[in-house]
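Some structures to go through are shown next.
Each of the next two complexes has chain A plus one other chain: chain B in the first, chain C in the second.
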Partner chain A sequence: MSWLWQVPAVVAKELLVEWRERSRVSGLFFYSFALLLMVAFAMPNTKMLADIAGGALWLGLLLASTRSLDQSFKVELENGALEGLVLWPVDPLALYYGKAIANTLVLLLVAAAIVPLVIVLYHPEIKGDPWQLVGILVLGSAALAAPGTLVAALTVQARGSSALLPMLLFPLVVPVVLASARATMLLFDGDLMGQVDDWMMLLLAFDLVHWSLDGLLFTRIVDEG
Partner chain B sequence: MTDPSSGLVVRSLSRRFGRRWVLARVSLEVPRGSALMLLGPNGSGKTTLLRCLATALKPHDGGATFDGVPLWPERHTLRRDIALLSHATALYDDLSARENLSAWARMGAYDADVDALLARVGLADTGARPTRDFSAGMKRRLALAKALVKTPRLLLLDEPFSALDPHGRALMGDVIDEILDRGATMVLTTHHPGLGARFCPQAVRLTDGQVTWRGPSSEAQVHAGDA
Partner chain C sequence: MPPIESLPISPGAAVGLVALVAIVVANQRAGRTPWALPRWEHAFGLVGLCTILNGQYMGLFEAPRERMMGEVARILYVHVPSAWLTMVVFLFTFLFAVAFLFTGRKVFDQLVEATIEVGVVLAILLQCTGMLFAKPTWGMYWDWDPRLVSTAVMTLSFIGVLTLRSLVVDADQRATWTSVGAILASTSMAVTYYSVQWWRSVHQMQSSPDTVAKPIVLVLRINAFALLFLTVWFVARRWRIAAARAREDEAPPLPEEVLA
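The block that comes next holds the complex of A and B.
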């Protein structure tokens, strides 16, 4: 487990690069904002808007995640930094978890920016515990980032990687989007049957599986020579 | 007498891309603390050989050892001591020179004096500038500083003098001398045998992935062909 101490250094590097190129993150925000705005204008009445608020939020985050994940590896292709990382004494596991944690944090940042917009544009009532929404956002973002980091590593050097990434990622994360959207909608509308916890458990199980296995697969991808 | 297993030993190393063999049964030796110059025209396999020695590529046949340790099987340990300076600088354009070196040092857990390294490559005054603003020569010098973060025992230089002005070339030469004085082993590719001969007593010429000549660097100019 000697690679564990390397993870914070990789996370710090990832976040520093994101901070220096803040326009990338703000681009993700505006991308999601435009989507939320279009869906809001397309809805015929405010009742329907409130009903789909949870789904719209996760649709925005899903699309933002594909752009974010693609960008996080494109940076590594500039000047051959990806090969530089492989040849540096950084364990591929530390590389994977560092990138996955940073991708999760970027998604949470985008989520923190678009949740207020969803509330303003879609007028959901939020009958449940708002802290549960934080839990859903954390579990859902982590569940998008873990397989997303793996798929982004797999596709980044392929021709048409920007199209290939969502093609491979979306089928993988269907359970995440369904569980997150359903849990969020129940939280907004009132969880009479106590189902939010079950959806969150599903997200947690997805997180546990992917955060434990995807790192091993990532190792095989980046260090095959 | 020198221990035959010390230094770099390459035995019948072959590597292909797809069906095309880029390196075919390359064998060579570089005694510990010595340097070898690789010559050859573009596409002769020099860079591929360096990437195999840096453990970026796995040989499809044969292999290499460094101080008796097989390179590919022990790559995770050896990468701590092997530095490759190639055309790809592996720098983050959005970060400053200082941030780049600090980030790489932290990730590898190297205790590096970043300011001293920047001063060593003549970039002390530009350490706070994003490397996006750097010229190709400045990036090359920063990449050299990044290689020095490792204090390498095996240094692999792919055309180290390209993109450098006379001042940069002199600086690169001084740094290479320092590294060799510390006892590092070095392999250097170049199209200018005269420049490389200053550091490398021996030279090897590659043609179409095969060793076609080996001998003293002083004779390399004659055998350089279109290198």
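The block that comes next holds the complex of A and C.
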């Protein structure tokens, strides 16, 4: 289990890379912001906005995640950084979990920025417990990042990767988008039937499956790549 | 149309006999043993073809009229077997992908490719028949029912893997990544299978022989086995193509200078 000690180092390295290219994270933020505006413009009337607030939030996060995931491995290919990391005694598992955690943190950062925007722009009434929203955001971001990191590693070296990534990732994360959007909308609307916990359990189950399985699959990709 | 027992010869048997005579004649002319088949899988294909002719004949003309849905329910003799076989084929995709990652043997990679492609075709057949069935019974071709959505998602996941496969140039990378992608896509299978239990919606839950009338069960079984045999034939044929392509990739012709 010595690779566990390498995980924080990989996370720190990822965050350092993100910090050095701050424009990328802010680009993500403005991307989701523009998306929220466009969704609002595309709706027939503004009364609907409060109902779809939760869905729009997760749509924004999902699309932002594909952009950040695509970037996260593109950086490694420049100057053969990935090869260097593997030759250096970094366990592929540490590499995967480090990257997945960093990707989760980036997504949470974007979420922290766009949640207030959703509340301001879409003015949903928040009847539920705001702390539960934090739980949904953490579980949902982790559920997008775990398979996302693996799929990004798969597609980055293929031709036309930026089109391929969503094609492979979206079908996989349908349960995530469904569960997080439903849970968020229920939280906004008032959760009369106590369904939010069920949706969060689905997210948790998805997280458990993918955070355990995808690391193992990642080791095979790195061995081959 | 008369029931199959009262026919002088069943459609499947007729086609089977003609095919056997043709095989024997062709073998005689080529000077081979009369019963020789060029490939073992053709036996499956032939049996599957004859059985499905009989099965569909029984489904169309002999099986009792369904009490609630009437004649429309006869599409079930295509819909249900294709659903079973879709799941079986994708289950094998998963097993072959795991086997490839553990052993690294090329044959498993070729089988992954073959099963994904056949599975996608079956899944599309499944959804087309499902839509035709849904229009008269539910009143619409498509409903946002969890079973329907998860099946579509499963199909898309495997189509994504095929796309990934077509975009990777290096053969070893392609093999590993296809297997990884296939295992990921297989996680959607469980969602599809249990969707009718997790979210009770328009689509019915899994039936069992206890909940379906005896004559219907018999016809369903005949059609399911027929499609199983045909699927084995399709997968085997597709695997031969994959194997031939792999051989072509692996052994480039030597350049002239070397030969001289």
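Worth pointing out:
Basically, the second predicted complex is superposed on the first by the 224 of 225 C-alpha atoms of A that agree within 3 Å, B and C clash if a C-alpha of one lies under 4 Å from a C-alpha of the other, contacts with A are read in each partner's own complex, and residues count from 1 in each chain.
Simple rule for what comes next: a contact is a pair of C-beta atoms (placed from the backbone, for glycine too) under 8 Å apart; a residue touches a chain by one contact, two chains touch by 3 or more.
What you see is a predicted model, and the numbers here were worked out from it, not measured in a lab.
Of the two partner chains placed by the overlay, neither chain B nor chain C lies in contact with A:G55. By the touch criterion stated above, A:Q6 is placed in contact with chain B alone, chain C being left untouched.
By the touch criterion defined above, A:G215 reaches neither chain B nor chain C.
Looking at the shared chain after the overlay, A:G128 reaches neither chain B nor chain C. Taken together, the two complexes place residues 224-225 of chain A in contact with chain B and also with chain C.
Residues 101, 149-150, 153-154, 156-157, 160-161, 163-164, 167-169, 172-173, 176-177, 179-181, 183-185, 187-188, 191 of chain C are the ones that touch chain A when the two sit in their complex.
Put simply, chain B touches chain A in their complex at residues 54-58, 72, 76, 79-80, 82, 84, 86, 88-95, 99, 103-104, 106-109, 130, 139. Per the touch definition, chain A reaches chain B in the complex via residues 5-6, 9-10, 12-13, 16-17, 20-21, 75, 78-81, 83-91, 224-225. Every residue of chain A that touches chain C in the complex is listed here, in rising order: 147, 150-151, 154-155, 157-160, 164, 167-168, 170-172, 174-175, 209-210, 213-214, 217, 220-221, 223-225.
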